[in-house]
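Dumping the structure here so I can ask a few things about it.
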Amino acid sequence: MQLSREDLLEAYRRMRLIREFEDRVHEEFSAGNIPGFVHLYAGEEASAVGVCLHLDDRDRIASTHRGHGHCIAKGCDPRAMMLEIFGKREGLCGGKGGSMHIADLEKGMMGANGIVGGGPPLVCGAALAAKTLGTGGVAVAFVGDGGSNQGTTLESYNLAKVWNLPAIFVIEDNGYAETTASSWSVGGSQTGRAAGFGMPGVEVDGFDFFAVWEAAREAVERARAGDGPSLLHVRLSRYYGHFEGDACTYRAADEVERIKAEKDPLMLFRRRVREAGLLEDSDLDAIDREARERIARTVDDAKGAAYPTEADLLTDVYASY
Amino acid sequence: MPKKSFREAVNEALRQEMERDPTVILMGEDVAGGMGAPGEDDAWGGPLGVTKGLMPRFGRERVLDTPISESAFVGAAVGAAATGLRPVAELMFVDFMGVCFDQIFNQAAKFRYMFGGKATTPLVVRTMYGAGFRAASQHSQCLYNIFTHIPGLKVAIPSNAYEAKGLLIQAIRDDDPVMFFEHKAMYDEEAEVPDEPYTIPFGEANVAREGEDVTVVALGRMVNFANEAADRLEGEGISCTVVDLRTTSPLDRETVLETAEETGRVVVVDEAHPRCSMAADIAALIAQEAFDALRAPVRMVTAPHAPVPFSPALEDLYIPGPDRIVEAVREVHGYGRG
Amino acid sequence: MSAAIEAVVMPKWGLAMQEGMLAAWLVEEGETIAKGQEIAEIETSKIANVFESPAAGLLRRRVAAAGETLPVGALLAVLAPESVSEAEIDRFVADFRERFAAALASGATEAAPEPRTVEAGGRRIRYLEVGAGEGPPVVFVHGFGGDLSSWTLNQEALAAAHRTLALDLPGHGGSDKALATGSLEELAAAVAAFLEALAIPRAHLVGHSLGGAVAMRLALDRPAAVASLTLVAPAGFGAEIESGYLEGFLREKRARKLRPVLEMLVRDPAGISREMVEEVLRYKRLDGVPEALSRIVEACFAGGRQRIDLRPRIGELPMPVQLLWGREDRILPVRHAEGLPETVTVTILEDCGHLAHMEKAAECNAAIARILTRA
């Protein structure tokens, strides 16, 4: 299977939307316009998009506290997301979830998750539902390197294996669980852990969209064929702090700047498709422009939108009570 | 009307709902038993045989034995519930909530609210609770109060076989996550249970007995003890109303307050520890909303603020029984009568 | 001397009754009581009622206390002339209790007959059959929301000399709950199918309320199949119906709310036992029941008015027909029994509500027995 021109445009469009979205959220948060915690995905775009390009609406993903990129990659509406992050009534979750709980079940996005390691068991369930109902769907858990050390994650590897579930665990290793280096906190290796549970596991360069896309293709095909779960260990980097406001004093002084200069995933993508003669700079420039304008509009809309009211406080606690 | 045990009532509810709705599945440790083992299939049907016979009928695809891995399989039940199935997960003992609580209270309970009403999580977690089995501190607790505290969860605590079938079918058809509590000492107790499926709505307490002098509010196994106490007190000329809460979330405040106001004298019986318990919750409700009708302080009959002991000699002292209820009712009945 | 001592025991009111609760004594020790005098109130799982003394004599001792629940046949009181000594009564009571306990232990007491089911007209119909006899059997058809146990006080009495069957209409009791329309025609066809399934070519029909209308509809459709018709407070004889009852019956889910609704059925509210309320609640919780009841209301009583009108056709019926109606019926007014052709025997029961066959069981049973001999 090859990426068509349309696929390439779409891949770049989604990565650029994520980058633009996160950069704007960063600005707006710094300006004091966004309440609460936000954890930004900028720098990790190739992972979400490289995986989600293989998925459709019958497939499900569960995300992490750093979930905006997964949402956009899985097809959530950036405008409704932005309104949600601003805490507005017309937000994707009515302003009740916020950045850490954005979900759109119709799009197969089972939620960002405020609990580290919360997603993998849910993904086992979504994979079980797909298997039981015979939808042909797969389920993907995005997990950080921090979440990879949670018992829930390791238990989920086991359950997915013994139930032979169409599940994929994508460990997004950005090098830091909050301030703690993954090189210190992870015993053994991610792929070694996969092997320990009898499931295929590969290490992937998360700056390289094409590497992620290729590894995910194999894992998704395996899951759809009924051959059980897989693990991808995606090495990548986050450009901002653990959360907005994190001064990142635990990182090397020039670390982020160096990565941006040497292997930014959007830059690498652009270079690769241009060199291969697959897309023109003008195609990509147009996408950049379009993304900038679109996200600017979502921010304007979010600022102008109404907050929920007292009437909304006690709705949606139960389906019926 | 056929008599059935609590165990049979639960089994029948599960069977009938699985027949009615192909999206209903069961999962849990040894719910069938013998998975991958060389001997008998359906070896256990759950540790006390409650789900026996369901796997041969519905297959391993719908009756799933799990590894001993509560975080994963309870979480999987939550995820499956959010994506099109109606799973009934068995948490063997509620004491094991410690290793899967996140999946229940941070995930299942909050999806609907956090996701702006767009998630539906029709999950049932069946679990065994209660003392009396010489099972000691980690296999004997009640803990329903902890789940009752969490918005987004519903909590059902049937007091007999009839209630168990109707409340469980309701739980399975309900679109919200439901914690379903089965007292391990009640599985062999029989009651008249219709063969047909039926539902008992949540949030409607059952006035199990109507009297004039004292209102006894109870739940689960304590309803039986309250009725036993009321029988004995009848002989002394004290007539009791016994209210079976049925569900602690939603709570039938109306019936609690109405029956409390009728007698003005209330005893609340709860097998859990007293602090932050259902007993305390009901007592507070009555104190706040029915103060003018009270003719005596509300008395709570509960287990002590101590773990459940192992030794039979101690456990028998620990469990609130009919004797203590009788004593409390007498005291409340006599209060202010000089 | 002991031959002069008579035992008054817990009566058996109907097939299902295994025990009763002595709610209250209405006579004192030392009173001379007449046969048929109301001496106590007894509550069964079905209905609370007054207990009429089966014998006359001097009430020497009330053995059972108010509030006690006792098995059928247990000693309630002792009648004996003044000449019998206290010691003799003590001995009588002790002997009686010993024999009764032994009889209970040996299981000598009769087991209640169990309902059965039959496939009829594509449905499972539950029925209870008791007794045997020559000629067409007696078939009982209950009213809206009832079931075969509605006839518990009637069936056994008539079963002494007749084959009797009480069925659950579709949507009720232990019969299948699905109804296509809930119309009178559908219900009557179901009863016809039931009779066919049991190869009963001809039957005496006894119907209460909606069941009365069902029985009459069947008699109009198949006159040859109906030997006689007893209609107890039947629907179909006027437009009025207590809509508050129908609405409340459908709506209320709690015992405390349902009780006042059910109390409309009878003249004396104490007649509605706690168990009866509980039974109705349990019935309403069964899958399919709320839908079935709503369909019937929609088809037969939409807008709180009777949509079925059988009155103009009662004269067409060739078989003996009688109506029994409680004077104080609050559900269907007793004036619906007025103005009928002379061929129809009408009996108005005093101090009686809508559940005449329960409230005035003896009179109703006698009336049914009479029409059976006429047919």
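For reference, chains read A, B and C in written order, and residue numbers begin at 1 within each chain.
Assume a residue touches a chain if its C-beta (ideal position, glycine included) is under 8 Å from a C-beta of that chain, and two chains touch if they have at least 3 such contacts.
Source: prediction; values computed, not measured.
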If each step moves to a chain the current one touches, what is the fewest number of steps from subunit A to subunit C?
2
Which chain pair has the highest count of C-beta pairs that touch?
A-B
Between subunit A and subunit C, what is the gap in Å from one C-alpha centre to the other?
69
Between subunit B and subunit C, what is the separation of their C-alpha centroids in Å?
38
Which whole number of Å gives the spacing of the CA centres of subunit A and subunit B?
40
Multi-chain touching residues of subunit B, meaning two or more other chains, are none
Residue numbers of subunit C touching subunit B in their complex, please.
67, 174, 177, 253-256, 274, 282, 285-287
Contacting residues of subunit B [partner subunit C, same complex]
162, 166, 194, 196-201, 204, 206-207, 210, 234, 255, 258
Using the touch rule from the top, collect the residues of subunit A that touch subunit B in their complex.
60, 62, 91-97, 101, 103-106, 110-111, 113-115, 118, 120-126, 128-130, 132-133, 139, 151-152, 155-156, 158-159, 162-163, 315-321
Subunit A partner contacts - residues on subunit B that touch it in the complex:
23, 25, 61-62, 64, 66-67, 69, 71-85, 87, 102-103, 106-107, 110-120, 151-152, 154, 174-176, 203, 250
